[in-house]
Each structure stands twice: as C-alpha cells, then as structure tokens.
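Next come two complexes built around chain A: one with chain B, the other with chain C.
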Partner chain A sequence: MGRLLKIYMPFASNELKRQLAYRGAFYLFIITSLFSSFISYYLWMAVYGSSGQGVLGGLTQNEMVVYIFMVYVTSSIVTVSLSTWVSDDVVQGTVAMNLIKPIDYRLSLIAKALGRVSFQFLAPAVFVWIGLEIYKVTVLDMAPVSVMGVVLYLFSSGMSFLLFVLFDFCFGMIAFFTTYIFGLRMVKEALLGFLTGQLIPISFFPEAVQRVFGFLPFSSMIYTPVMIYLGKYTGRTLAFMLLRQGIWVLALYGLGSLIWKMVTKRLVVLGG
Partner chain B sequence: MIEVKNISKDFVSPKKYPGLKGAVKGLFSNEKVVKTAVDDISFSIRKGEIVGYIGSNGAGKSTTIKMMTGILTPTKGTCRVAGINPNQNRKENAKNIGVVFGQRTQLWWDLPLGESFTILKEIYDVPAEDFSARMDFLNDVLELQDFIDRPVRTLSLGQRMRADLGAALLHNPKVLYLDEPTIGLDLVVKDNIRRAIKQINEKYQTTVILTTHDIGDIEELCSRIIIIDEGKLIYDGSLANLKDTYGNKRKISMEIRQPWKLKELHLEETFGVGEDGCSTEFIEETNSFCVTFDKHRIQVPQVLSAVMEVTEVKDVQIQETELAQIVKEIYNHGTAEGR
Partner chain C sequence: MNACKRYMRLYRVLAAQFFKTVMQSKVDFLMGLFGFFFTQIMGIAFLYLVFDQIPSLQGWTLDQLIFIYGFAQIPRGIDHLLTDNIWLVAWRLVLNGDFDRYMLRPMNIFFQIIAEKLQPDALGELLVGAILVVRSLAKGIVTVDAAHVVLFFVSVMAGALIYTSIKLFFAALAFWLKTSGPFLQVAYQMSDFAKYPTEIYAKGVRFLITWVIPFAFVAYLPASFFLKSGAGAGVIGFEWVIAIVFWCIAYYVFNRGIRVYESAGN
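Take a look at the complex of A and B:
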C-alpha cells in the first residue's frame, strides 16, 4: 500500500502543480460554475415563493438552499472529466507513453483525478462550504452541521469520487473505439445533470422514476452525499445508501478492468 | 535477450469510399480492410548488441517496436524480451525496457525536468544511491544540468531529446528501444546523442534497438542491421556483410584534357566484362569522365592506366558506394538475399 502511494502520489501532486500553473483558466471556471449555482438558487426561490407550500419534494425552502450549494461543493469533490484525458491520450497517441511505464493506466488517471479534486476542493469549494454554514446559522436560523454529519458526508463523497472516476474511465474507453468522444461527452453531461440530482433533487421525480434512478449508479454520485449532509438518511437507510455506493464502486471497478483488457487487445496507437 | 518468433500484426479498419457519396455509403457498409503491417518476422538479439532496425516509411518498424514493448498485441506469433512476454506481462516487461519515441515525449510537459526525473525514480523504484550515481552519469554524457530546472515545454528539440534519452535510461533498462532518436536534430546534437548511446552500451551492456532514417546513425552505432520492407524481413546481418554484398560498385571520376580521344577507349572490351561489370559516362561541362565498375573484377589502377593511355588526366576522385545508396537500392528492389 505504501509503495502504491509512493508510485501514484506523484501523479496527484503533479496535477495539483499543473493546476496552480494554469490558475487563470481555473478561476474563470469557478466563476462560471458558481454563477450557475446562483441561477438555480434564484430559480428555486421563485418556485418556492409561487407555490405557496413550505415543503416541496421533501425539502423545505431553507434545505433547498443548502441542497443547491452542497451540490456545488460535492460536484467539486466528485466530478473530474477523466474521460477527456483518456480521449486526449488516444487522439494524440500519448497513451503509448503511459503503456511503456510499469504503471497501471487507470490508477495513474485516478491519482491524477485526486490531484485535480484536491485543488477544486481547496479553491474554492471549502470556502463556499464554510460560507454556507455561516449563512445557514446566521440568516436561515438553522442548526449547524454536526461533526458526525461532516464525517459521514466526507466519507460518502469519497465513495462518490471513486464511483465517478471509475464510471468515467469506462466511459472514456469508448474513445479507443471511436477516437473522438466530444459529442458523447456532451450527451453524458446533460444526462448526468438529471440522473445525479445535480439539477433537480431526485425526490422531485415521480415514484417510479425515482426507483429507476435508484437502481442506477448515478444517484449515488451526488444526490446521496448531499442527502446525507442534510440528515435525510438515518439508521438503516443510511447504511443501505453507503452499502449501495460501495457495491457500485466494486462493480464499476470490475467492469473497468474487463473493458481495459478488451481494449489493450485491440489497441491501435495513432500517429507514428 | 530478445526473441521474436513469426510475429505478425494486422490492422483492420472499415473500408472507406471516396467522395461525399462514398462517405454516406461508408455509414452503411460493413466491409473491412485488413492491412498487414508486420508479416511473419523472426529474429533474435543478444545482450549488448546495438541493432539498427531500418526500413522505408510505413515498413512496419514502429509496429514491431510497439509489439516488443507490449503496447500492441501481435496478431500471430510471440516475442520474449529478457524472458518475459511483453504482451502478457506488460508491467513486468516495462521495468526492463527504456523507450524513446523521437516524435513524442514521455516527460511531463508542464513540470521542470528535474521533477520528471524524481517521478520516474518513484515509478521505477530506483534506490536513492543508484539514482544519484546515474544522474551524475547522465549529466556527464547528456549535459542535462543546463536545463534541469526548466519546464519541459520550454526545452528545444535537442534538449528535449537528450532529456528523453536520460529518462529512458534512469532505471538502467536491459533493453533500450530508440525510435528515430535523432529525428530533426542538428549535427552537433546528433553527435552527442550517438556518443551517449555508445557510452551507455559500453558501460551497462545495454541492448539497443534503433530505428532510424539517418544512415549516419547506423554507420556509427550499429554492428548489425535488420531491414524490413512492407512488413517482411529482407535482410538480417552485419553491416560489413551488407556493404560487401551490395557495395561492390566503385566509381572513379577523372577530369581529362582531351575528351575527343575517349572514342578510342573501349573499357568493356579491354577488361572483358559486360555492361554490369563496367559502365562509363562523360559530363561535358566539367570535362569529367566517370567509370563505374565492379571492384571484385577490375582494379582501380587498371582503369586509371587504361584511361591515361589515351588522354592526359588532371584530377581523379574515387568513391565507394555509400550505405545510403545501398539502402536506397534495397528499398527500391524490395528484396535482398544476403544473409
């Protein structure tokens, strides 16, 4: 384990350093992504205001505020476009350079993703989070999150991260067959917006749809940790949710290994 | 060290039709085109050898290298590098090999060069004392210290190539694959790279496989060459042997005083050889008379004295057939029998 860390940590720290080198682009990204959180904030406030009901889809107006911004924090911790790296590697043929080293391609990508996520978490997700807690207590008059809540949330987010990168690795494998996956990535992002609960909490959907979503791995990526943070899951439900995340991590890990084996059999390296 | 047995690689791609109509047709057709990039090649290479692996563009050189490094799976046949099948044990094999693809870099584009080396040290698990000793050696032969602090993206091509070579050697690999290591480099850097390869080969007994289009690389480095063409092996043997078999032609150019007297000269008859044994050519602008002949059948002095009998000679130049010429001829013919 220690040896594994020693080999793959450089990939993480390397990505962190790279992000620091190109921070201009990254701050621009932060502003635009926070912007969309505020849009969804005003939208939901209007929805609650006009509905005349205190609780929609199981969430009060104040919980909705927490939901919106915790989705932002969670997606900073969880989402990394690993498939973009895979498709770049395929298009530019650099995947060959990864294969001549005694390393596992997937693990190196996950380590790199960890580096990216640490940066996203430090700047600015953690500040948004702290700001949200302060706002919650002072303005919304809600109780601050418990230590146990934070621990459970971080644990579940960690699982979500693994789930997401393992899924995106499988998705990125498509690039080996089609070379370009830009269009597919757009489709994937649009679908994930719904399926992960990023746009609309899954509890807003009809019962039958919720059941289907529950069966898919995507709701475990963002919806689950945010609901845990909100304290919506307790006792056996909580254990079940965490277990479901764990099972999906294992399943996607297995699937990824299988696809990778297939891919390396028919790999074609582009360009020279 | 390396055993390649009857290795073949086919690439299958969907059939493409020309034009817009063809593009639409391609959407619905399921026809496949099979291209054999490497066709039943076998050879074995001993420890410490430097082998030049040459062939025209698209002959299948890089494909063979990629199979030996474990990147590509052969369609047929097997290969073993240091006793390991690179395809089944890619990671194990990767510890034994170093690779430089001249057109690519394995370094981290955004990081200072020194950091790339530190990362490689971890990846290959190089002990600290070995690392510093090897860095000293690499600094010596490749002069890396001038740009060790600079991000890789700011390096010039020559510096980058030296850095890449250094990176491939950091873990002291048993086998070093160099795919066009001197492509696009100036003469001085080329010389440095060649010297470095030689020193490394001597010091560590590293087996080197080199693909190149630069004849200079081959003449300076390789004792043995393998030539492939259209995926087939057409020559495997020593450089001297190749020159012997194909470089039997010699050319003498003489600047002469009385060109009109050449009519009296009938070299083929004088030596009793046919067209292929001896041919002549006169270039009027420079007044030079060129004789190309088989060096095994006719000696240089014989030619000279025959010419001097009829005309006065001002200047003489004697040329061996160059390796470049030989290789060009082999590429054109596509076959070579000498083994």
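Take a look at the complex of A and C:
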C-alpha cells in the first residue's frame, strides 16, 4: 500500500499543481458550471410556484434547492474527463510510453483524476457547499446537516468518484477504435445528465423507468450521495445503496481490466 | 459590387474545400451531428418530465415552451454552422501566432476566418429546431400569415447575427489577453438562460440576458411574438437594432484588436 502511494501520488500532486498554474481559466469554467445550477434553480422555483403542491417527486421546494446545489458539489467531486486523457494518449501515441513503464496505466490515470477533483473540490465546491448550508439555516429555516450525514455523504461520494473514473476509463477505450470521440462524448454527457440524476431527480421519472435505472450503475454516481445527504435513505435502504455502489465499483474495475487486455493486444502505434 | 462578387466566389471555393474534408470522414460527421441532435432531444425530454408535474409554467404551456426551445436552436445553429472558426481565434490562433496568415492575404480578415470552416455538427441543432417548429405549426399554436413567415426569417437572421457579434467580441479580447476562450465560453453559455421564459429569473439575471449579453432577443422575445397573435412586430425591429448595435461594437473591437496584434515566436 505504501509503495503504491509512493508510485502514484506524484500523478495526483502534479495534476493539482498544473491546475493551480492555470487557475484563471478554471475559475471562469466554474462560473459557467454554476450557470446551469442557477438556471435549474430558477426553473424549479417557477415549477413549484406553478404547481400549487408542496412536494414534487418526493422533494419539497427547500429540499429541491439543496438537491440542485449538492448536485453541483457532488459532480465536482465525482466527474473528471478521464476518457479525454485516454483518447489524447491513444491518438498521440503516448500510450505506448505508458505500456513500457512498470506502472499500471489505469491507476496512474485515477491518481491524476484524484488530483483534479481535489482541486475542483477545494477551489470552488466546498465554498458552494458552505454557502448552501448557511443559506439553508438562515433563509430556508432547515436544520443543518449532521456530522454523520457529512461522513456518509463523503464516503458515498468517494465511491461515486471511483465508479465514475472506472466507467470513464472503459468509455475512453473507444478511442482505440475511432479517433473522433467528440460526438460520442456529447451523447455520453447528455445521457449521463439524465441517468445520474444530475438534470432532474430520478424520482421524477415514471415508475418503470426508475426500476430500469436501478439496474444501471449511473444513479449511484450522483443521485445516491445527494439523496444520502438529504437524509432520504436510512437503515437498510442506506446500507443497500452503499453496497450497490461498492458492487458497481468492483464490476467496473473488472470490466475495465478485461477491455484493457483486449485492446492492448491489437494496439498498433506508428513512429517512435 | 465587384468586391461582393469576388468574395462570394471565394467563399464558394473555400467552402467546397471544406466539404471535401467532411466527405472524407463521413463517420466523424455523422457522430458529431448525432451528438448535437441527441443533446437537444434530451433537453426536450427534460421539459416533458417537468411538465408531468404541472399544467403550465407561469402561464406557458408545454407546447409553447417547446416552440421557444426549438426556435432558439435555429439562429444558434446558423451561427454555429457559419462562424465556428471564431472559437479558434479565442483559444489559440492569437496565442500561437497562427493569426499571421490572415494578415498576409489581401482579403477581409473576418471573412477569411469564417470562410475557413463550416461546422457540419450544427446541422444537428438546425434539424431539431426545424422539427420542433414544424411540430408547433402542426399543433396550430403559432400565428401563420405572410407577415409572420417573412418576419420569422428576418428574426432568425438577426438572432444569428447577435450570436456572431457576441462571439466575435469575446474572441477579439484575445488580442489583449492572448487567449480569451474561457470568457467566450462564459458568454456563450449565457444563451442557455434564454431557452426558458425570462420571467422566471430574478431581475438582475433578466437584465443581464436582455441588455448586456442580449440572448433574450435571440430566442424568448421573438418566439413569444410568433406565439401570441396580436403582439406587436416591434420586437423583431428591436431585435435588429440590437443585432446591428452589437455587431458594430464587436467589429470595432475586433479591428482595434488586429492593430495591437503582435504575433508570437522569436
């Protein structure tokens, strides 16, 4: 374990340093990513205003505010475009260098992703989170989150992070078959917006659709930690949700190893 | 007149070159198209889910919102198709000195930038926009008469010009900042606000998207003119005024920027 850390931590810390060097661009990126949170905020406020009902899709208006902004915080912990790194490496051929080094390519990418999300989390998300808690208590008149709630949320988000990067690694493997994954990436992002609960809580979908989503790994990426944060899962449901996340992490790890073995067998890199 | 003819001929030549590269990689083209198409479809699916909960949103029905959404895609798609190269000016052409090549040719520089690339991915947006507008026609929720049909095209052109102006303005900042991609990104993403009726936003946000970065004039305001019979055509006229004012500002800033451009390298 100690040896692993020694090998892979530099990937994480280098990425963190790189992000710090280009933080100007990054802060602007933050503003744009908060845009969509604010658009959904205003939209949902209008929806609740027009509905005349206090509870929609199992969430009260105040819970919806928490939902929207915790989705923001959670996606900054969880999402990182690891598949872009893979496709860049494949297209430029640098993946060959990674094959001859005595390191695990996937682990090095995950370490790099960890560096990236640490920055995403520290730079803006944690402030959004604190701001949200203050807003919750002073304006919305809700109870602040419990310590246990924070611990469970962070634990669940950590698993979501692993789930996401392991999935995105598999997705990035497509680059071995086609060099233009831009279009596919757009499709992936649009689909994930729905399947992870990022755009709209999964409880808004029809019953049958929700059941299908239950069999997919995506709802565990964002919806599960946010619902845990909202205190919607307790006791056995909570244990089940965490277990499901764990199982998906293992399954996607296995799948990734399998695909990696297959593609590296037929890899051709030109030049040297 | 001669100059105009010459530029039209040049544009044909350059666009033809571009089509050749597209035909060379049909799969890429289809995937990009599909990507944009799919993203827009998801936006519509989202509206359906929301309207499952409510009969109308502050007086707007689902069908009306779908029209606004679809209408918004058309000027966006036109601009995206024709002037996508502006993004490269913002991100790297100024930074790495590649902008030199535009300065060396005896042609209008803005013309060269936009003639260099057509973005076929934009057809995905145009397709969705067209489908949704036709759907709204079939539902009979839009006013159809000669004046409205003409004004539809007039408005779409003004909308595309507003998009182009905003892009050009923020891309031109690159002449001073070296790279202005992130700023352009922020401004461009503001257009997402205009997909919904602006009444749902707080006053500050509404002011921002109406007067500062006027995306409300691209989508929501003209779209509501086509939806409500009896509404004044003045809004389309105003859209043109806004488009021309913003174009003049953007083009002026762009030309000032060219003068301070100092290339790169050693």
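The criterion applied here is as follows: the second predicted complex is superposed on the first by the 269 of 272 C-alpha atoms of A that agree within 3 Å, B and C clash if a C-alpha of one lies under 4 Å from a C-alpha of the other, contacts with A are read in each partner's own complex, and residues count from 1 in each chain.
The working rule: a residue touches a chain if its C-beta (ideal position, glycine included) is under 8 Å from a C-beta of that chain, and two chains touch if they have at least 3 such contacts.
Please read all numbers here as calculations on a predicted model, not as lab measurements.
Student: Per the contact definition in the header, classify A:V212: touching chain B only (first), chain C only (second), both, or neither.
Tutor: Neither partner.
Student: Taking the superposition as given, does A:R18 touch the first partner, chain B, the second, chain C, both, or neither?
Tutor: So A:R18 only meets chain B here.
Student: Using the touch definition from the top, say if A:F182 reaches chain B (first), chain C (second), both or neither.
Tutor: second
Student: So, A:G93: does it touch chain B (first), chain C (second), both, or neither?
Tutor: first
Student: In the superposed model, which partner reaches more residues of chain A, chain B or chain C?
Tutor: Of chain B and chain C, C contacts more residues of chain A.
Student: For A:F35, decide between first (touching chain B), second (touching chain C), both and neither.
Tutor: second
Student: Is A:F204 touching the first partner chain B, the second partner chain C, both, or neither of them?
Tutor: Only chain C is touched by A:F204; chain B is not.
Student: Looking at A:I134 after the superposition, I want to know if it touches chain B, chain C, both of them or none. Which is it: first, second, both, neither?
Tutor: After superposition on chain A, A:I134 lies in contact with neither partner.
Student: Going by the contact rule set out at the top, does A:L56 touch chain B (first), chain C (second), both, or neither?
Tutor: second
Student: Both chain B and chain C touch chain A; at which residues?
Tutor: Shared contact residues on chain A: none.
Student: Could you list, by residue number, the parts of chain A that touch chain B in their complex?
Tutor: 3, 6-7, 9-11, 14, 17-18, 21, 93-94, 96-97, 99-104, 264-269, 271-272
Student: Touching chain A in the complex: which residues of chain B?
Tutor: Within the complex, chain B contacts chain A at residues 11, 62, 66, 69-73, 90-92, 94-95, 97, 99, 101, 103-106, 108, 110-111, 115, 118-119, 122-125, 179.
Student: Could you pull out which chain C residues touch chain A in their complex?
Tutor: Result: residues 25, 27-28, 30-36, 38-39, 42, 45-46, 49-50, 52-58, 121, 179, 181-183, 185-186, 189-190, 192-193, 196, 199-202, 205 of chain C touch chain A.
Student: List the residues on chain A that touch chain C in their complex, please.
Tutor: Against chain C, chain A makes touches at 24-25, 28-29, 31-32, 35-36, 38-39, 42-43, 45-47, 49-51, 53, 56-57, 178, 180, 182-187, 189-191, 193-194, 199-200, 204-205.
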